[in-house]
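Starting off with a structure, shown below.
Every chain is named by a letter (A, B, C and D) in the order it is written, and numbering of its residues begins at 1.
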Amino acid sequence: MAIIIDENTNVLVMGITGRQASFHTKQMLAYGTKIVAGCTPGKGGQVVEGVPVYNTVREACENHRIDASVIFVPAPGTKDAALENLEAGVKVVVIVTEGVPVYDEIDIVAYARRKGAYVLGPNTFGIVSGGKCKMGIPPNQYFVEGDVGVVARSGTLTYEIVGNLTANGLGQSTVVGMGGDRAVGLTFVDVLKMFEKDDQTKAVVLIGEIGGNNEEIASEYIKEMTKPVVAFIAGKSAPPGKRMGHAGAIIERGKGTYQGKVEALTAAGAKVAPLPFQVPALIKEALGRE
Amino acid sequence: MAIIIDENTNVLVMGITGRQASFHTKQMLAYGTKIVAGCTPGKGGQVVEGVPVYNTVREACENHRIDASVIFVPAPGTKDAALENLEAGVKVVVIVTEGVPVYDEIDIVAYARRKGAYVLGPNTFGIVSGGKCKMGIPPNQYFVEGDVGVVARSGTLTYEIVGNLTANGLGQSTVVGMGGDRAVGLTFVDVLKMFEKDDQTKAVVLIGEIGGNNEEIASEYIKEMTKPVVAFIAGKSAPPGKRMGHAGAIIERGKGTYQGKVEALTAAGAKVAPLPFQVPALIKEALGRE
Amino acid sequence: MKMFEYMGKELFAKYGIPTPKGRMAKTPEEAEKIAAEIGGPCVVKSQVLSGKRGKAGGIKFPNTPEEAKKAAEEVLSMTIQGLPVECVLVEEKLKIDKELYMSITIDGSAKQAVMIASAYGGMEIEAQPEEYIIKKHIDPELGMHPFFARDVVRRMGVGLRTPHGKEMVNIIQTLYKICKEKDAELVEINPLVFSDDRVIAADSKVTIDEDALFRMKDLPFVEDKSPAERAAADLGLSFVELDGDIAVMANGAGITMGTLDTLQAFGGTPRNFLDCGGGTGREATAKALDILLGLEPKGLFINIFGGITRCDDVANAFKDVYEARGGFPVPVVIRLVGTNQDAGREILKSIGVEAFDFMQDAAKRIIELVK
Amino acid sequence: MKMFEYMGKELFAKYGIPTPKGRMAKTPEEAEKIAAEIGGPCVVKSQVLSGKRGKAGGIKFPNTPEEAKKAAEEVLSMTIQGLPVECVLVEEKLKIDKELYMSITIDGSAKQAVMIASAYGGMEIEAQPEEYIIKKHIDPELGMHPFFARDVVRRMGVGLRTPHGKEMVNIIQTLYKICKEKDAELVEINPLVFSDDRVIAADSKVTIDEDALFRMKDLPFVEDKSPAERAAADLGLSFVELDGDIAVMANGAGITMGTLDTLQAFGGTPRNFLDCGGGTGREATAKALDILLGLEPKGLFINIFGGITRCDDVANAFKDVYEARGGFPVPVVIRLVGTNQDAGREILKSIGVEAFDFMQDAAKRIIELVK
């Protein structure tokens, strides 16, 4: 089944006439993604990689059912593009753009919550339902269909681990990039709950990193899960980060360290891989495979 | 059963130390309303008519369960007072204040919708569940328990009609003042739905007036109702009102006239009383009573 | 509070919405000077708070400063729909390639502001078929964003990368900004004009929410009421003059309408609408009675159902006026029930007036008396 | 972007938050003049983007303009935590009745801004027990309202009708206004001081979201990075110096951390963190390699998993630097897979470099080479 997107998802590409967006439109189409429309204001009527371009999301929605959008517009226009999609009723919005101001992110996430929509990112590599649909920028060849769900904060590290999984014969149900920024749409718990319910998914890889307390919160939910979870947490060797005044210290109160995250995950029954290349073996072990 | 409020409703009075508010606190207590707290910033610790006063709604909520609030603060502070109650989780907010700027009203109503709360007003006389609980300013003696639900836009006209009902032996389940302003919380349909579900209510009086299209929208729902509805629409003799530019004309497009409302209501199966004093007879007829 | 066209345009200009060159003039000489500054064909527009200025001859098209002076002289001596013209707006005459329509107002049913736009503006906007009218509500929590404006412009059939389209995207966002910052319940541009590459607000209609005037200290005050309406408004009361012969006072908008309806149903004709509800005290009620008597009606009908309004206050006000005038010049009927009813009736009795219990009985009685 | 204390206070003052009398000085003479204007005991505070100024002697309390000059002279010659003091803030010395704490920052978990306040401010704020700390999230769609501020002040135990309480209600609302209008990810007042009837921001810490600098043209630019960090930042790259001996380049924050972790797990020590992800092109990658070689490491480890980053771009950049320098001064190991992997490897082969397939193998190899 996969989660969030699949082979029936109708995808819109925001900013499709841009250089990066048109390149990745081609890549996504090659992966099999059903891209039905693109949107660039003032460029309605053009065609990019065979995809019709509209002036506004509403115009695209008048001509197609849009299930999900992937946003490639520059950071200053990202909030507007995201709100445009959410307002038009698009229920999955994937924001690849980096460098979006944090208050813009907060506004996007709040509105998405009110509209009952999923936002991935900002600053996400995207999402791939193995063999069915890719939204975003990961390299196609490493993502194959299978029964491992992956949820991650960072991009290339995910390719690394997914590459390892695939090389070891472990395909993926869905690989979800939540985004690397401070205020992103989905949490680990949101995605873990979806994997727990998804028939196709038999085990889950959680790719976290130091900072914040998302992994600690996720651990609480992992306790209730029936499916095995293998985690990798990046940043074991990182020196203590620069703090945001006293306020940062008060918010973190000692949370966010590598050790704390590993302990929380381990206590919740997840296996933590010390290094990225060790993830596949732990998954195989958890699934009783050789 | 009554709707929205009853004998178990814990009520907070906003601005309780003011002259009007303290007078009406006394009247509401005399009616039997369970007023458990008042709120006036900086006057926490005082006691008004035996009711403890708090500095903020949050402080009141730390000390009492607050089910409903009635707001008597002056218009410039009304939005803040209403949002304060909604933010604290109060689910019924009755705004008596007149003269609230319309954009403030829009903000209040939008936030209430998001919080799943009922707002009555601004510019409402309030709400009375006959014999159980009164929030607002109507004269106590005319409101008695019974099985007629009343929903109205304007205040004194409601007293007039409720007075007629009571004089004719027809008590009320709940009398709801939606408020006379342009952007108020509840609509006729919202309240009619509640009356339709309420066991105590056997018939409904709808007190409307010319302008807007609330009565027309209500007529659509009245078609589906099992309970009889008797309506009075004020303004038959009024000259055409002053319009708000072309925009007003475009929005109204001929809606909002006395004749249009009477036709819509009649077509929906409601009886329309030509004059206020004729309402009780139509209710008795509808209920098969003498 | 309605604003004059020139004030609305000043507001537009301050917020960056393009308006025609020109400004307001109070004398023909000023008009001449402005026309000379503009240096070409002009428009001289009467500034009154009423539509139909064009049909009334209140808009002239002079070609020279001298003609502008003469046009202003004529217009400034006019009275349009009962309103004397006190100033004119002198502006460049625009080359008009296309007339469009844009406004934002309050939609009470939706409890939101609503953008209304059409590619077919001008005098005939109300007659346009529904499908030529774009209506788009503005989510108050979301606010206004460029995408909203782009979609309106797209639906108006204007290209988003054209100079017109870009300007319109700005104008739409600015209109909402004005609404929010100035508590405008209406901002309307009709027509919005394409003139070569420019997009210009050729007219303005701006109405400020009177309830918000307390926080709009920087706006000029505009008197848009008749003297009697102003006197009532200063007492905090809502008043409208009508054509009949029975002056009416009641407490509450709904019951006042209901009172007029009842009078009319029994064959009477009301002289006015006067809502003195909301706890109007003794003194203000007395002044309101003076306003009513100033209308020289054939009779006076007072219908009070006391709630927040107290019957003794109303009775005392009545007695004050009675005593000050040594009686009433016309027949009076009072219906008085509700808060402090007994005290009120005692006061009335002291000057020989008997109050009624029911509105319908009282209404019938005043009609009999004025026949 | 962190702002100096004096800049934060200028921002506060512009928004109406009370700050101590005084201003910034770059020379002892200016400091003397400001102290004379203040006309009483002063504080001379070093302006550096680091805490612990007091402990380092960077805060002095002169009583006269002459003493202020001398104090400024001393402080302006100091270096605090490696940062030279380039200016001082000269201010009135406040009578301090009470020290409180207030800030607004971003809570990433909640995806909202959060107000943090305490009645017990000052140096020890982080050590206060949880129950003395007030945390209240700000709903972004609802925004900031007076009631929010009143409830914070109430919880701080300050009367809402006292001069202190009223001022604090204003300050809280203003802090959020600054956050939103200036894209501040942190505004902090520690301590907020009661001085008789006044409430004064005795310190300021303001950090502007670097991602929002494009729309904050009116703010002064503050350099808060080391020269190497600045060079990397100008290339759009994230860079941190560390203590080890292997320079590292990888593409993506997570994989860069994972690379450091892997190195360390096998006994290596990284010289830096350098994320050159996000599609950095040939030229920028070459410049980044120059930065790394400038660190004089014992070895260089490049770990690329190409996605949006293209392997041929990285290989070309490597070749460019190789050729420009006539070879590398230290051992180099490259792991190169992903987008355009074959093209990249061909380029590397042309200069005799063989790329690795797996990170772990490559990591082991560079460690061997630098031993």
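Operating definition for what follows: a contact is a pair of C-beta atoms (placed from the backbone, for glycine too) under 8 Å apart; a residue touches a chain by one contact, two chains touch by 3 or more.
Because the structure is predicted, anything quoted here is derived from the model rather than measured.
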Shortest path length from chain B to chain C (each step joins two touching chains): 1
Comparison of A-D and A-C by number of C-beta pairs in contact, larger one: A-D
Euclidean distance of C-alpha centroids - chain A vs chain D, Å: 27
Gap in Å, rounded to a whole number, between the CA centres of chain C and chain A: 54
Chain A-chain B separation of Cα centroids, rounded to whole Å: 47
Set of chain D residues in contact with two or more other chains: 139, 141-142
Per-residue multi-chain contacts in chain B, two or more chains: 111, 114
For the chain C and chain A complex, residues of the former touching the latter: 139, 141-142, 145-148, 150-151, 154, 159-161, 165
Residue ranges of chain B in contact with chain C within the complex: 20, 75-76, 98-107, 109-111, 114, 125, 137-139, 152-160, 163, 180, 182-184, 187, 207, 209-210, 212-214, 217, 232, 234-239, 244-251, 253, 274-277
Footprint of chain C on chain A - complex, ascending: 41-44, 55-59, 79-81, 83-84, 87, 111, 114
In the complex, chain C residues that touch chain B: 101, 103-109, 111-114, 116, 125-126, 130, 133, 135, 139-141, 179-180, 183, 185-186, 188, 190, 205, 207, 209, 211-212, 214-215, 240, 242, 250-255, 257-258, 260-265, 270, 273, 277-279, 305-309, 337-339, 358-360
